[in-house]
Amino acid sequence: MREECGVVGVVQFDEEPHPVPSALRIYYALYALQHRGQESAGVTVHDGKEPHTLKGMGLVPEVFNKDELVGLKGNVGIGHVRYSTSGDSRIENCQPFIVKYKSGNVALAHNGNLVNGYELRDQLEAEGHVFVANSDTEVLAHLLVKELLKYDPVEAVRNVMKQLNGSYSLTIMIDDMLMAVRDPVGFKPLCFGTIDSGYVVASESVAIDTLNGKLLRDVNPGELLIFRDGEIESYQLFEEKYCAHCVFEYVYFARPDSIIDGQLVYKVRERIGERLAREHPVDGDMVSPVPDSGITSAIGYAKESKIDYEESLMKNRYIGRTFILPGQAMRETAVRLKMNTIGQNIKGKKVVLIDDSIVRGTTSRRIIDMVRNAGATEVHARIGSPPIIAPCYLGIDMASREELIAAHKTIQGVEAVINADSLGYLSVDGLVESIGIERDHLCVGCLTGAYPVEIPGEDMCQRRQLKLNEF
Amino acid sequence: MREECGVVGVVQFDEEPHPVPSALRIYYALYALQHRGQESAGVTVHDGKEPHTLKGMGLVPEVFNKDELVGLKGNVGIGHVRYSTSGDSRIENCQPFIVKYKSGNVALAHNGNLVNGYELRDQLEAEGHVFVANSDTEVLAHLLVKELLKYDPVEAVRNVMKQLNGSYSLTIMIDDMLMAVRDPVGFKPLCFGTIDSGYVVASESVAIDTLNGKLLRDVNPGELLIFRDGEIESYQLFEEKYCAHCVFEYVYFARPDSIIDGQLVYKVRERIGERLAREHPVDGDMVSPVPDSGITSAIGYAKESKIDYEESLMKNRYIGRTFILPGQAMRETAVRLKMNTIGQNIKGKKVVLIDDSIVRGTTSRRIIDMVRNAGATEVHARIGSPPIIAPCYLGIDMASREELIAAHKTIQGVEAVINADSLGYLSVDGLVESIGIERDHLCVGCLTGAYPVEIPGEDMCQRRQLKLNEF
Amino acid sequence: MREECGVVGVVQFDEEPHPVPSALRIYYALYALQHRGQESAGVTVHDGKEPHTLKGMGLVPEVFNKDELVGLKGNVGIGHVRYSTSGDSRIENCQPFIVKYKSGNVALAHNGNLVNGYELRDQLEAEGHVFVANSDTEVLAHLLVKELLKYDPVEAVRNVMKQLNGSYSLTIMIDDMLMAVRDPVGFKPLCFGTIDSGYVVASESVAIDTLNGKLLRDVNPGELLIFRDGEIESYQLFEEKYCAHCVFEYVYFARPDSIIDGQLVYKVRERIGERLAREHPVDGDMVSPVPDSGITSAIGYAKESKIDYEESLMKNRYIGRTFILPGQAMRETAVRLKMNTIGQNIKGKKVVLIDDSIVRGTTSRRIIDMVRNAGATEVHARIGSPPIIAPCYLGIDMASREELIAAHKTIQGVEAVINADSLGYLSVDGLVESIGIERDHLCVGCLTGAYPVEIPGEDMCQRRQLKLNEF
Amino acid sequence: MREECGVVGVVQFDEEPHPVPSALRIYYALYALQHRGQESAGVTVHDGKEPHTLKGMGLVPEVFNKDELVGLKGNVGIGHVRYSTSGDSRIENCQPFIVKYKSGNVALAHNGNLVNGYELRDQLEAEGHVFVANSDTEVLAHLLVKELLKYDPVEAVRNVMKQLNGSYSLTIMIDDMLMAVRDPVGFKPLCFGTIDSGYVVASESVAIDTLNGKLLRDVNPGELLIFRDGEIESYQLFEEKYCAHCVFEYVYFARPDSIIDGQLVYKVRERIGERLAREHPVDGDMVSPVPDSGITSAIGYAKESKIDYEESLMKNRYIGRTFILPGQAMRETAVRLKMNTIGQNIKGKKVVLIDDSIVRGTTSRRIIDMVRNAGATEVHARIGSPPIIAPCYLGIDMASREELIAAHKTIQGVEAVINADSLGYLSVDGLVESIGIERDHLCVGCLTGAYPVEIPGEDMCQRRQLKLNEF
């Protein structure tokens, strides 16, 4: 499963340049959000006169060097880490995306996906707009500039949001004014807090922690924040009836130490494990996580089931970009390179293996085979989320419907493919209750096939959001 | 605590070049041993006519690229990863170290430290030898070549070993003949196993696992193995009375999934945790590891104490080489960048914090402060090893005596410095019993100040090894 | 004196992919034009479906590698090398500049400078256009796309040209259709020729030579060429009364082996030398060039004056990007690093030193001092162009008016500053006659202060071009 | 024809660190010697306590960066640039070569080739020496250290020289003492001069010029210089009967502005051109050089013959490392990329083409074909050296005997192969007289097949040097 994006915004209200430059703070915050995107990273700061940008392909420490960062002058700035995709990973698509227009500069960092991105781009092209990249972010920039030519920033953002369908957590700089926007249903996380003499906005609260800041709260769905003259102005541009927080942030994406929409991810995962133990008990000898994503749920499962928590798989902490040659032998080596079995722990045992989710099933199969070969007498798979039966259109690049194993097979079918002695998925209710947020305020589109926003060719869920024209 | 080195040797006995080139297998094995050294990496293979080498500064994936690796012809080879040190990290010191002499080439990869390295170098220099690097490995190469001019490989190795005092686990190629040697008391690990149509020798069994190989056994202390003509020849060159296996391999260095001298590291650490719970019980609300080194012992402590295992610290998986600016605020940022607290788990709790060892005490202090600031009412430190009171001369670059906090302070003193509500170190007996090897066969030099080999200015332990001239 | 830009276009009309890929041909052509720009280089090819681009900062061999180039599929493409400037050398400003719009893609490579570039940008911004870079090329792209939404390519280009004031030699791809455009007065060179089964357009004929092609002719001022279906279509969109070919292409910029607007640069420079010998004879012992720019004129001067041609200065062929420390001693080292005197040739001689032009005078001063210190009894400076008294607004980044020594000093004043025994500049008439093109068809703006196009705050020359609104 | 190596030594006798660090001066000197080697570069300085080295593959500006260079502390140092060879271009072979031995460090930089290098290596290996590289320099280091263990530096050098057969111009540091040595017959150039408060030794005087120094004189063949305590000590260790200065330094290798053994290279080449005009007059319309190596001789030929000097070939100044695809068309492109014809100058002319030498003849053939295709009615080749009929064993990697066209063909044969209307080689006497040094003091081994030192399997010239055992 591929990860998505992370956004940051920092403003410092001192007269003098702050001892820790904004660019450096953004750099640290991006480090804390690195798990949200490893393909590219970027920082744009504004010194009151003009913006300065550093961006490039690679991990945060590869893209930035100290001298360049410290040389980026400005008390306000935004940052971005971008997920890895095989598709269109060109330097032009790196963010922040900066444009110049009549009245100045606009810089944007975006996490999410516009369902009507292509439509909007077509409309803009029909009006004569030209594009240099192929990202939603460029579309957002053009829409925003168009409105800024006629309206003040608040109206401009409102008018842009009226046209958007999809997920977006944004940090924006209009010249040196920092703003943050979250879509009306709050798909993707976005929160803010204080740092000494300033503020920070970020995709996850861990970025605020890293800066020794204090989390104030989540940005509300539909809310626009403007950080101006030492103050935070809040504009609730859209009053949502229901939210649609992505459940997979809790299940997999977010760091366990982040608090998202009021819920500590660690606690959610632990409750998932406990619930899973109740929904799918098994008479096992040991409970083991598939590291790292299964760890916290496995702790919960062990606690609830009173079965010993014991590691059976060890993950190589150093596996980054590697390469393998073609051939079956090599493919197995590749798996072993990433994950090794601890034979003595497993031998002769009935192992309860906890993972967060199953996408294609191929990795699960390989891992279960490894555990069996290491001597387990039984392997029972317990999954901390319901079957993924439909694709995500809201910013998570998981897999196409064809590739999703649970879109085509019954649970028994999946059990057979992954070669488990038994397979237990968490129920949708179980997941919702573990998260601790009402189902009406969560997106479970990929788990049910019914989405909280209108998606051409897909169902719309009952307690649905307003359509665009109803705003 | 800095890590040390890892060595590998691979031989494939097919006539034809094997589908998976030896160089590639060594590369994978080094990946599995990356935790033993992140500063440099190298591979030397021999194609029957001449050796070919790739080495450089950096992590395994940084040093090697696919095209170059696959181009390295040869069915036999050795590899090395080197630990990170501020001192003398020049390209000349990268290993394998290859020399040409009268009869051909010798390549060596070394893990360990010669106590009499400088002495031997002086002797060689007095005889007119010249050196290009400043490593023990170069001394070993010169000694070996000197003997090879007069003796066959087995006698040559025996004669070299007679002169050595210290730790050494070596993989050696004399032209295209692979050898492995372990010092007479077996300080550092070294084991070997089969792979399809060949053999692999490595510092830890995880390297064998990664190649889908089968661990045969540890190389015996004092043993020389020669892999020749499809066979393994064993020469027990020195029959040791006592071994001196380094206990810190179990406590900290080795990967948990490695089996060293018959003991699975994971199990040892778990027993350490259990024993620690008995030696230093505490009425806590939760048991938490300092990740990653405290994880397995914390699992054991929790099991034995029946206190809940709960994470209180989250480690950033992506922190590699970063940089910070001077200043107090920045130093705190650096700690937070690496490790974050999970406030909701900790708040109002009595936390039992498990780590493997305390060297200088500064990191422990910072971590305990962080946990306190996150709301813990009490923080009880439990350490999976006895106090380190003396330096290591056998290959582990921990710290000088001046820097070792326990060399100068009582346990109460350390407790005060690290700001713990209570501090409990594992006893030496506790450690020995957890490892499951008789004390007489372990090195505990840094824990007692009495070393298993003669070290100028330090005590020699009772059940001592033979001195050099007694061999 | 900084150099400017070079453009290339290549089309191959074979069905099958041509044995030498277009991208590779463009690469070779850019190599031949490297003297026109060393800061960045880029290639865009189109495979019939979509464009593919490689660009980056640095010299041609630094930007492109073989594998990437050969992987760029497409039978048609354009290329660009960009001059070195301290100002705004960001990756965004690298060319070709590619935009997507309603009907497809447009890629442009531009050599020249728009006098009304900022004005046009302001107009576009007022209409809501947003920009990502700050180059004229982006303005050209927006203007062209705007017209393409309403008109066919020929009309679109005509409409764009109507709005432009300044110099532009362009290669353009609208999807996979190659076009070439030269401004109505032909400031900058642009020519085209045949290669096997296709065509090549380039800033200088040496690029055609390098591809073993045959120069057909210069693109006419005001002409649009479309390379379509194996044919060249010519559209003379503007019928100019006078041309305004930049004289500095002949004096300095272009390669001696290029033929520009019918004149071989080498021959022009030789005639400059001969004329200079007649205008400013001197009783010298030897004629020496300041290498490389003075070489050809020095050959001409020697021939005409019958004084021996002898080298007195040797240029280091390897000086690229170097660095010096602050301080006087170091600055002298920097000059010596680039250029050394040949003492024995100079000693006791009256040296006639030929250079192409004087901009600031500082380098001339240093060189003359060096020649004196090497033992010359007299140093007579002879310059192959008239005094530069005004800045260039048409694409040559020479210097500001303040920095131009001849804008503030008489010839005697300059003579004193550069410490020459005598100084002789070529007359404007001498230059014009050496070039062999009527004065009315040349730009001599920087030599007279009267420009062939309207420039705010500067004079307009008599035989002036039509103003925009007169077209 | 490949180039060879360049060596440098710098010492500054100030108490305080000198304003321009020695490392920086060496860097500038290497820049001036870059034409002698483009494969690798290195600097070693000594700060009184220990040596510090920077070296690597590539051109001088690629290997060194400012911060690292300025950080290299020490008032004394040596440097090296190494020629490009396809064979054994490994980092281990980069110079300076530094070894540690009993009493300290020895660093060497070597230009030349030992005829008995392998023999000496065999002897050393038989004595138990081990080697890490495969260069003569390592052999020299071992020999020197061996003697230094028994003798003072002067005796040590003398004893080493007694064992050497071949060419060597060396700069050496024994700890922080700088020395320079030239072989007894002075094959390769080596000279020294003053810089402010110190001295510089270098392969060519241009390096001294670049440092604003003053050439004192050449190092005598057989001389050892020691730069100690602000003084230069001279030891004439061997009193040679005849010298054997390499004539190809004058013909091709050295920079024209260098003075070698009293002769300015520029003047020698000019005289070569004049002599060639007398030996091989031709009724041509123009005299043209093959740039760059033919330029100075062409100036001389033109002067003597009174035929106009006119360029017919233009060399691309930017061609560095490029790549071409296989195939005939591409090979021609590669030639055109490097060198272009100036058609208008050539058309209908009888061209006298001057080059320095012919090695394989393939490039000459291609160039003459190009000139013909550009319209020349006749092409007469005049070569500034006699036919090369034998290989060089003294440090110039020209070609093997098989590849040398003149080793197998008569002059008419060569004329036919290169497709010239006529071909004239300079006579050996003509060359000797142009150089201005008696034939007895020059090496002309590759021109006659009789070498000034004993070479197994080759003739020894009459006026021969003493054999080793006669010293």
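Which chain is which? They are A, B, C and D, in the order written, and residues in each are numbered from 1.
Here is the rule we go by: a residue touches a chain if its C-beta (ideal position, glycine included) is under 8 Å from a C-beta of that chain, and two chains touch if they have at least 3 such contacts.
Quantities reported herein were computed from a predicted structural model and do not represent experimental measurements.
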Most remote chain, CA-based centroid, reference being chain B: C
Chain centre separation (chain A, chain D; CA means) in Å: 62
Whole-Å gap separating chain B and chain D, where each centre is the average of the chain's CA atoms: 49
Centroid distance [mean C-alpha coordinates] between chain D and chain C, Å: 37
Chain C, residues touching no fewer than two other chains: none
Pairwise touch network: line, ring, star, complete, or other: ring
Complete list of chain pairs which touch one another: A-B, A-C, B-D, C-D
Residue ranges of chain A in contact with chain C within the complex: 91, 97-102, 106, 122, 125-126, 128-132, 134, 141-142, 145-146, 149
Partner chain B, residues of chain A touching it in the complex: 19-20, 24, 28, 31-32, 34-35, 38, 59-61, 66, 70, 206, 209-212, 255-257, 259, 264, 266-267, 292, 296, 299, 302-303, 308-311, 314, 316-323, 325, 327, 329-330, 332-333, 336-337, 340-345
